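Read from first to last, the chains carry the letters A, B and C; within each, the first residue is number 1.
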């Protein structure tokens, strides 16, 4: 299994005051996009890596990675599963809670069942197990979209949850914060926007395919900006959040160094595809009037109110907006340093697809 | 047909109306209170008994908010209103809610400090106390389970007074505020339903009533008043206003605490006469866990909620008690008074997040009860799995659906809402109905949202505050 | 109380104590009268429809006449069935009967 070099986790000297990393870690969502990257960064660095995955077929590939990996299969909503996940973990462990549903298959109820219910169980068990720290993976969605294209979210921005996913991740954040306030479980929230990188799900291959053929829609003039997070950068942020002394009780935006204009993202992906030997065709994108994206957003809102979720509408609706954040506080307080650029990260992502037989 | 004249007419005698009547009568105003329900001696019926439901509940306890799923609700209909039938649990309005409501709805003079001062005044007039001595087994269960799991829990204070032997008496409105109002000269007319208010421009000049006499005769009565306070609760206050042609933000935005239950069987007897006073607050403000009335009838009804035979469990009913998880809900409802119908139509719509929260509450409740030593858990879910071990609890997530969840509530609020933001509210910051000089609302309808805790403390504190404002103003 | 409602209450009441049986019936009758008009109307309409359906089943020999256990089984099927209004109907009737009966049994024991 290729391990991308960009995942090199921690600098030899800590950039900010930090404590040693925990020898035992618990990772939920370990078979997910981010989880796979995180687990690989932990392998060789930690004594025990206890992983939660939702089904048996996802357990074996992880278990093969290293003898330090212990896989627990189960539903994160189930209190008995949470018990098994923490059984014998012992005090002092670090917990990375990355299990969540972003594109539900059974309607919007799933957002809340998994993202809120799962978080409550994991937080509760982490506290009972005497975990040293819980790092919770959150999102930009509790903050909605930026009010103007030149605005960036900071850690002081107010909550303004965006639809079902945003509301579920907002409530999860409140649960994590309240656990910290109890005083017996230090927690850190890491907010990641749209991410990219190895171990991507099938929907992301579709993203590359449509850009390569010039079929990706660009809403409006494409000057709306998006923060993106290369998974390697994000993993580094998570690991810094685990050890930095200043982190507990706080939340941090973790993304690439700066937000990109949407048209820049598309142009960069086309360059990256060509650099990896995949010639592009057609126009750089299909221009789409903002009206179409607004209509998609409205349709998404109406459907979500009735509990239904259509991924394409949701994604299209969001493409109209700026979702940009400022990572300065993570740099200052936890020593986060995004090292991988957009083009470099996209190339790594494309290589991973090719190595795994994906047709781009 | 009779005619009466009073300075202040208070319609309804529950937590809002009784507090209003006492405050205004003691300030020297001439007060008349009308109450639709009867005057029932508070010692006459055992709490939560069938006889009490017949005597003091509206519709014998069988109210229902229509929706998918429908939600059953209970409210009092007697002198003293729901304070005569509730568990007496007393919890001040959480500070963060006061802050949130103040800014969202633009409520003047609604700081935590102001509310705290009024809460203190209410508490000095009632008796708010914790249980002397050890809690009953049904309540100790909650404490034990929560302690074992490390979940925060508290014994709530109740509006109770205790004698030297430790016997408690619930300080209902008919024992406290209403006698005070009377002593200060107020007149209380039971069995008197207000059909509509008579308007003249921006004033309400009278109330048209139907008074039922003990013999069964019905008398039409018109009560003329300089000032009218409508305090009929979150369902009947908007209904009366609508029947009187007052509709701006009246009856929409109804809120409640939807509640799901478990009948828990223990390997030992539990008490059945009282309602547990412990609450698990670990999941606040989203979910509250507590205990319900568990007389034999309620135990049987709770067991029947799974739709399975109850005989085997009922043979052991003395070992069974009922518990609940109540949620703060994103959904909302409506109260609509239709011409010709005595009762308004009440609807409530739960969001998907609400359903998820109910399922989560049920799972948490199950875990708590198992930790406390319960051996069998019957959820209020048709076809719901009877759980005996922790590893069975996860099944409940997918069983709590719109088609199968059996829900109820005892807290209804927010059908008008107060504040200066007229787009969101039906009254100003002190309960005066928009567009009227002398018409005020002073009950649960004013709370901008369901408070996540028993609302009676908030209702009484806000009602007292509004009375002070009225007295300074008019 | 309509004829089918009386039959349902009879089928759902389990005690053989005649005085309790009639008290339960009286309680349910009072409760139905005391309900909000629109709910009472809805329940009455359902009673007529479901009662007719039960009569049809009896005519076809699919539901034994005068057999409370068989009617109970039918109610059970409705309670777990796909139609929300029918489920609510059974639940409402059952709640009234079960609560009344057991409260009365407790009173009697005390």
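Note that a residue touches a chain if its C-beta (ideal position, glycine included) is under 8 Å from a C-beta of that chain, and two chains touch if they have at least 3 such contacts.
The model shown is predicted, which means the values in this text are computed figures rather than measured ones.
Undergrad: Indicate, using Cα centroids, the chain positioned nearest the centre of all protein chains shown.
TA: Centre-most chain by C-alpha means: B.
Undergrad: So which has more C-beta pairs touching, A-B or B-C?
TA: Higher contact count goes to B-C.
Undergrad: Quick one: report the Å distance separating chain A from chain C, using the average Cα coordinate of each chain.
TA: That pair's centroid distance is 54 Å.
Undergrad: Whole-Å distance, chain B centre to chain C centre, using C-alpha means?
TA: Distance between chain centres, rounded to whole Å: 29 Å.
Undergrad: Averaged over CA atoms, how far is the centre of chain A from the centre of chain B? Could you give it in whole Å?
TA: For chain A versus chain B, the centre distance works out to 43 Å.
Undergrad: Give the residues of chain B that touch two or more other chains, as numbers and ranges in rising order.
TA: Correct list: empty.
Undergrad: Would you give the residues of chain A that are in contact with at least 2 other chains, written as numbers and ranges?
TA: Not one residue of chain A touches more than one other chain, so the list is empty.
Undergrad: Sort out for me which residues of chain C touch chain B in the complex.
TA: It is residues 14, 27, 30-31, 34-39, 76, 79-80, 82, 84, 87-88, 91-92, 94-96, 98-107 of chain C that touch chain B.
Undergrad: Residues of chain B touching chain C in their complex?
TA: 49-50, 54, 59-60, 62-64, 68-70, 295-301, 304, 307, 310-311, 314, 317, 338, 341-345, 382-383, 403, 406
Undergrad: If we count contacts the way the header does, which residues on chain B are in touch with chain A in the complex?
TA: The touching residues are 149-150, 152, 283, 286, 352-353, 355-357, 359-360, 363-364, 367, 390-391, 393-394, 397.
Undergrad: Across the complex, what residues on chain A touch chain B?
TA: So the residues of chain A touching chain B come out as 75, 77-81, 83, 107-109, 111-113, 116-117, 120, 124, 127-128, 164, 167-168, 171, 182, 184, 307.
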